[in-house]
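Shared chain: chain A. Partners: chain B in the first complex, chain C in the second.
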Partner chain A sequence: MKLSLILATLLLTPAVTLAMTAEERGLEIAKEVDSRDTGFHDFKASMTMLLKNRHGEESLRDMRNQTLEVEGDGDKTLVVFDEPRDVKGTALLSFSHKVGDDDQWLYLPALKRVKRIASRNKSGPFMGSEFAYEDISSQEVEKYTYKFIEESEHDGIASYLVERYPVDPNSGYTRQQMWVDKARYIPIKIDYYDRKNVLLKTLVFRGYQQYLDQYWRADEMFMENHQTGKSTLLTWKQYDFRSGLTDADFNKNSLKRAR
Partner chain B sequence: MRLWRWIVCLMPGLLSAGEWSGYAELQGRYFPQDAAYENQSDHLISLAFQPEYYQRWDKGNQSLLVVPFFRWDSEDKERTHADIRELIWTYAGNRWEAQAGIGKVFWGVTEALHLVDTINQTDLVENPDGEQKLGQPLIKLSLERDWGILDFYTLIGFRERTFPGEEGRLRSHPPVDQDHAEYESDREERHLDFALRWSHYIGDWDIGLAHFNGTSRDPLFIPRISNRGEIKLMPYYEQMRQTSLDLQATKGDWLWKLEAIHRSIDSGSYNAATGGFEYTLVGIADTDMDLGLLGEYLYDDRGDEATTPFQNDIFVGFRLTANDVDGSELLAGVIKDMDESSWMFNLEASRRIGSDWKTSAQIRLWSDIAEQDPLYSMRRDDYAELTLTRFF
Partner chain C sequence: MSESFFRFVLKHKILVILLTVAVSLMMGSGVQHLRFNNDYRMFFSEENPQLKAFEMLQNTYTKNDNVLFVIEPQDGTVFTRKTLTAVSELTKEAWQIPYSIRVDSITNFQHTYAEGDDLIVEDLVLDPTSLSDEELAAKQQIATNDPLLRNRLISPSAHTTGVNVTVQLPGKKLTEVPEVAAKVQEMAKNLEASYPDIKVHLTGMVIMNNAFPTASQDDMKSLYPIMFGAVILVLVLMLRSIPGTISTLIIIVLMIIATMGLTGWLGIKMSPPTTTVPIVIMTLAIADCVHILVNFLHFMREGEAKYQAMMESLRINLQPIFLTTLTTAIGFLSLNFSDAPPFRDLGNMAAMGVVLAFLLSITFLPAMMMLLPVKALSGDTMGSLAMVRFAEFVIRNKKQLLWGMGILILFLIAQIPSNRLDDRFVEYFDETIDFRQDTDFATENLTGIYLIEYSLESGETGGISDPGFLQKVDAFAQWYRQQPHVLHVNTITDIMKRLNRNMHADDDSWYRLPDQRDLSAQYLLLYEFSLPFGLDLNNQINVKKSATRFTVTLESISTQQLLQIEDDAQQWLLENAPEMRIDGASPSVMFAHIGSRNIIAMLKGTTTALIIISLILVVALRSLRIGGISLIPNLVPMGMAFGLWGLTVGEVGLALSVVSGMTLGIVVDDTVHFLSKYLRARREKNLPGEDAVRYAFSTVGTALWVTSLVLMVGFGILAFSHFQLNAGMGLLTAITLGLALVADFLFLPPLLIYFGGKKP
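After this line comes the complex of A and B, so read on.
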């Protein structure tokens, strides 16, 4: 009885997969990416952005990131800036949500002022870089609809090519093409198409490392803007998972203390 | 014995090296109109220096921040001044925080005027906009709960407002007596002030309720004949009780803001409020630039009797944020008095040069200032300012 059930399951599985629409399959892959990255609780890391314009002129951004996983909702994040010097100590607190606008507060240390800011501006550049806020904010499944395109090989890695469409009408993109590593369920490349559906940017994830035997994080995220010739290399360092962060580390007082 | 324990607690912190940062700036101001009063000059050059020492210890639970400030001014000896902006020890507990020392606190949400912000005294010689503040000696206890943050302040000692000297522009006429101030309280500048503030956010709404009991930061001015036979304005600091509300609703691209106060003082109780909006147009004209449109109404129920020029005024302005590598920004606005002819124009622009330098410019114009307006003595003090700042 038991055996026949297992047999039936084994026999039926491919049929079920085949019967899924491209949309269902895309969503299933996105959910698997999300579920494999669930349960890390919290991490601290330092981030460096190297901005380059088409003439090769460089500019540096240094910041520190603290992230807390929130069950049933988007993550809480606190980013503190160290470089450039004039914004040293400036800090951004974000409570991202699966649905609707995120909550964001900006701390300006010279005035000691905490400002709640409009978070609808997702498409704007983050600190003058090629990353928009929506590119680096918490990637929740609910923020997109999906469509599976094909199984393909990218850079010698067997991948799923999934297209995703932002739910938020204020997104700067019509669609994104994402290559997901079949074995590890992690993004390895994303092509961003602007509001006119023209290829705008490409993000490549490099140097993935595994933390706590489960969570994959790329050491480098390289974003290239095809329309302006500008690029930003985002380097992540000193990852510290389950560092003991709690809800109390993500309020207006901790925002002012952050520096 | 107790002091000894304190020293032992602080020692590990003081022994391990902290971190230095700060800035130095060179500033020039030019006043195109002839001065209204004798001895006032038509330009100035100024240097400022603000180093910052920060140290954290005890797994980051304790920290010390020291921020002295120095300015030298070529024209006005009152503007050549020094201050300890901050010298503060912070202990971060689990869902509470304690601070002691000289600190700086900001409350409020609006742009044109900061009615609710009362803890620190204004360092008025720095800039006529009143946004620069003197350090305030204080002890603060803060509780962080699910229902919001509750702050208790004890303010130890009072700082007198700074005023431009006789050679300086942007001053009152007659000038303020720099050597004498009087107080309602017998304890004068040693009066202990108390403040309490609750702040929280509920969805799109950020709310702050505060109460302050102590010496008013805003002086009244009493004309007096000085020892040298000159007429001077002597600052008189009353005792006040102030209850305030600050509120912001963040609705998509709209920010709706309100600050309101009720102040009880000997010279008469009053209400004042500032409210308005900021609407942001994202990515204008297919660029990365954002354009914010600002509008605020400034009200004071004392009307003509108000000690502030903003009793029935409208502020309109815009903020242009380039979102470029240099962080270029431009803020411009006009405040128009609805009862008188007076209006003020203000422009502030800045951009970074490389990673350590920044330039900023300011233009302030006062026009058709009515004789009864508190700003009348500044009617000929339009100016343009250029500042070059080096961060380290």
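After this line comes the complex of A and C, so read on.
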């Protein structure tokens, strides 16, 4: 890990970067973002989604998130729903993969059964929100190809503007423009372009806090749909890193117990 | 005062000509700002309650402006590898249509089934080329039996299918609609080129919106030249004076340019109703010019010098022309009471045009006639001899006419209730328009374009999963499906039933609503997690999951039938589910109400205009009695026209509701001319009633029937418009003006003779 950090720092010195293509440089930045967020092992957090439509109606979704880092593959995530109350105790287990479709299972307490989500196309909205599953699932480097666009200032923060292109043909996007904080290597804003390459949504990360002196997490993620006028505010609370989760907490049996 | 003004005009003719042309052109430069409105919502004012209800529904779910591709394979079946490949390609490409947010077709339909313990959610047709004949038959079976698809995206016999694209227009630029339409038309053309045995028809709200400007422009290209031809013919015949004809034509052109320019400066957007404005004001401008020119030429023939002849003509015409301009403008301005903004625009534009025509005919026209060489031909332009004979006939039969006409008028007025309201927006376009043809095809072969939508509210967050609520929604759907003319009902309960069956290993006995609230909610959650981009349920469930969108598709039925069905639905809701009762909302519902809303609004407008005009007449004619009598020939033509319409056509709608206000101002003109001559004879010449009537006939009789004829021709030409709106409005106006002449010639004289009083 340390070695890769040194390597990355070396690679990112201007003299070297000049010799790289835009694609290589974009990939380097993505890798650096990933590597700086590597090694947290696991965390727990609670999530709240506030959905709004054009008419001004609001609705809340409450859930708890547990994430386990997996060496050599995508993270494992368990999300337990608390609100709306009709789906209280419903739990979603996801194994994200660097290559190929993610695996997902949903535990339905009313049925007392675990159901595999067998769809090959999971780019629909998450809990009716403006977040698609692909927006909040584990952002593995391999899920996109990259292109560095420019160094730019965003909201007073010196950043890299990197464009990334989903590998999954079923993705709802042609490309995403991501502003990455130059100093901290964390995303501060992402523009999502739909299948006809028109700006669809913007995600803004707000209130970054550092955990374990290394891992940055945003308190708020605000997603706005420019086409429908709907928006979702995702708030993260009660982060608990290295809480002692193990692989045994992320299987079909643990899913049933998750409530 | 007016005399010194006219002296100035005649003396400085070059200056006046240059000045009026310059001012007209300056106003006319606003033409560059003229834009065509291409949104059917233009017909509704912001405060329209049906529009508000519909906007609220769209803001709660998603907008439903759409494009529907109707695919018609020549071999009569959609379920072939080739046609399905075409549909699948079109579905994929449709995501590229500007502003598209959702594409629904039989190929990307999210088919669900059980496989072991798993719920499989996938496109109904994934790879059409690899399907065996048995698989094709199976897919057809699924599609034609699915309540979501049948009569919506697939015909029961599978001979046509649809690809429905939902677009979310930002509504910021007027180029949005043509942009979508151009892309869609190109796609349809390309598909037909690659698959010669497939025909594509295009319909949907966006296509209709695009048809408004294109059909308007077609109208302009075909109607305006006919109108100009007719005008030239009439002028030549009536005036028999080349300079007079030329001057009048120039005035018409200047007035149209100036009116359209002012429209542009004011930021009024053109719409189908306002495309008629040039034709309407053209006919009215002719009347002003004709009155001045006829008298001018008459005086010249009597041997007066050109200058004196013009001065004299202006002197005797100024007051009646001013009065008729005023009353006509008031009539048009009464259209501001209309609930439909395009008709307010029409009224304001026509009022501007009428005033401009008046101003030009007392400045430009006399100056021009002074400039051009004018030869007075021998013989009168209009034989007043025939008029004298006609006057004798009327006076001889005054009693029979009074009774006969009175009975006819009452009979026709009694027929007004046979008019039925009908505003079917597709039929606003005639059969020559592609949109109408394609929509008719779609309605006959696939699905309807007339919808009624409801946002059914459970009253609590997450309430759409409540079994009690779902049962009621399902019962509502069952009820609707039994109603006549209902093609399709889109309801969330069909998805719930299907999921319940899927979760029980596709056992058909489980095709029913889940009986536990949390179970429904969790099925829905599982289903939503499995749906791909753009095919989510956000268009039928609100964010709180407290309400669901319920959409009924109807055949092409009349407004009456649609309102009847909506009424019955309201009754059903009141009896069976009062807590979720809500008015239906949709463009069809909006158009269904606009006719009656507008009639009520225009009744107020016409009454107001009538009161103002009557007061003006009383003051101008200086007689309360004659002013009172004038109400009859002013009002009777409208009543007779609507009665005649009820007897023959029987359908009225948005466009016809404005006819009364519009014609009132014009009808009054004839009455004013006739009455002012009648009064002059009685007051200045001290003639008895019958002789005064003779005098009125001989002085203005010819002018009246000729100007009425011109007006009838002008409005009659509108009957050839591609827009039913304009055609109906033109025809009914022409009828009204014709009947006004009948009333003025056959009913007003006996009235005056019997009730004109001893000494007015």
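List of remarks:
Definition applied: the second predicted complex is superposed on the first by the 243 of 259 C-alpha atoms of A that agree within 3 Å, B and C clash if a C-alpha of one lies under 4 Å from a C-alpha of the other, contacts with A are read in each partner's own complex, and residues count from 1 in each chain.
We take it that a contact is a pair of C-beta atoms (placed from the backbone, for glycine too) under 8 Å apart; a residue touches a chain by one contact, two chains touch by 3 or more.
Note that the structure is a prediction, hence the values are computed from the model and not measured.
By the touch criterion defined above, A:171 lies against chain C but remains apart from chain B after alignment on the C-alpha atoms of chain A. Put simply, more of the residues of chain A are touched by C, taking chain B and chain C as the two choices.
In the superposed model, A:53 makes contact with both chain B and chain C.
In the superposition on chain A, A:106 contacts chain C only, with no contact to chain B.
Look at A:184: by the touch rule set out above, it reaches neither chain B nor chain C. When the two complexes are overlaid on their common chain A, residue A:124 makes contact with chain B and with chain C alike. Of the two partner chains placed by superposition, A:36 touches none, neither chain B nor chain C. Contacts of A:116 after superposition on the shared chain: both chain B and chain C are touched. With both structures placed on the common chain, the touch criterion links A:227 to chain C but leaves chain B unconnected. Look at A:84: by the touch rule set out above, it reaches both chain B and chain C.
On chain A, the surface touched by chain B in one complex and the surface touched by chain C in the other have residues 51, 53, 59, 84-88, 111, 113, 115-121, 123-125, 127-128, 170, 172 in common. Interface of chain C with chain A (complex): residues 56, 59-60, 62, 95-101, 115, 117-122, 168, 170, 461-462, 465, 503, 516-523, 525-526, 528-538, 541-545.
In the complex of the two chains, the chain B residues touching chain A come out as 21, 23, 54, 63, 90, 92, 94-95, 97, 104-106, 108-109, 131, 142, 144, 149, 199, 201, 206, 248, 250, 252-255, 280, 282-283, 288, 290, 323-327, 352, 355-356, 358, 389, 391-392.
The touching residues of chain A, when paired with chain B in their complex, are 51, 53, 59-60, 83-88, 101, 103, 111-121, 123-125, 127-128, 170, 172, 248, 251-254, 257, 259. Contact residues on chain A toward chain C in their complex (touch as defined above): 51-55, 57-59, 81, 84-88, 90, 92, 104, 106, 108-111, 113, 115-128, 132-133, 170-172, 194-196, 198, 227-230.
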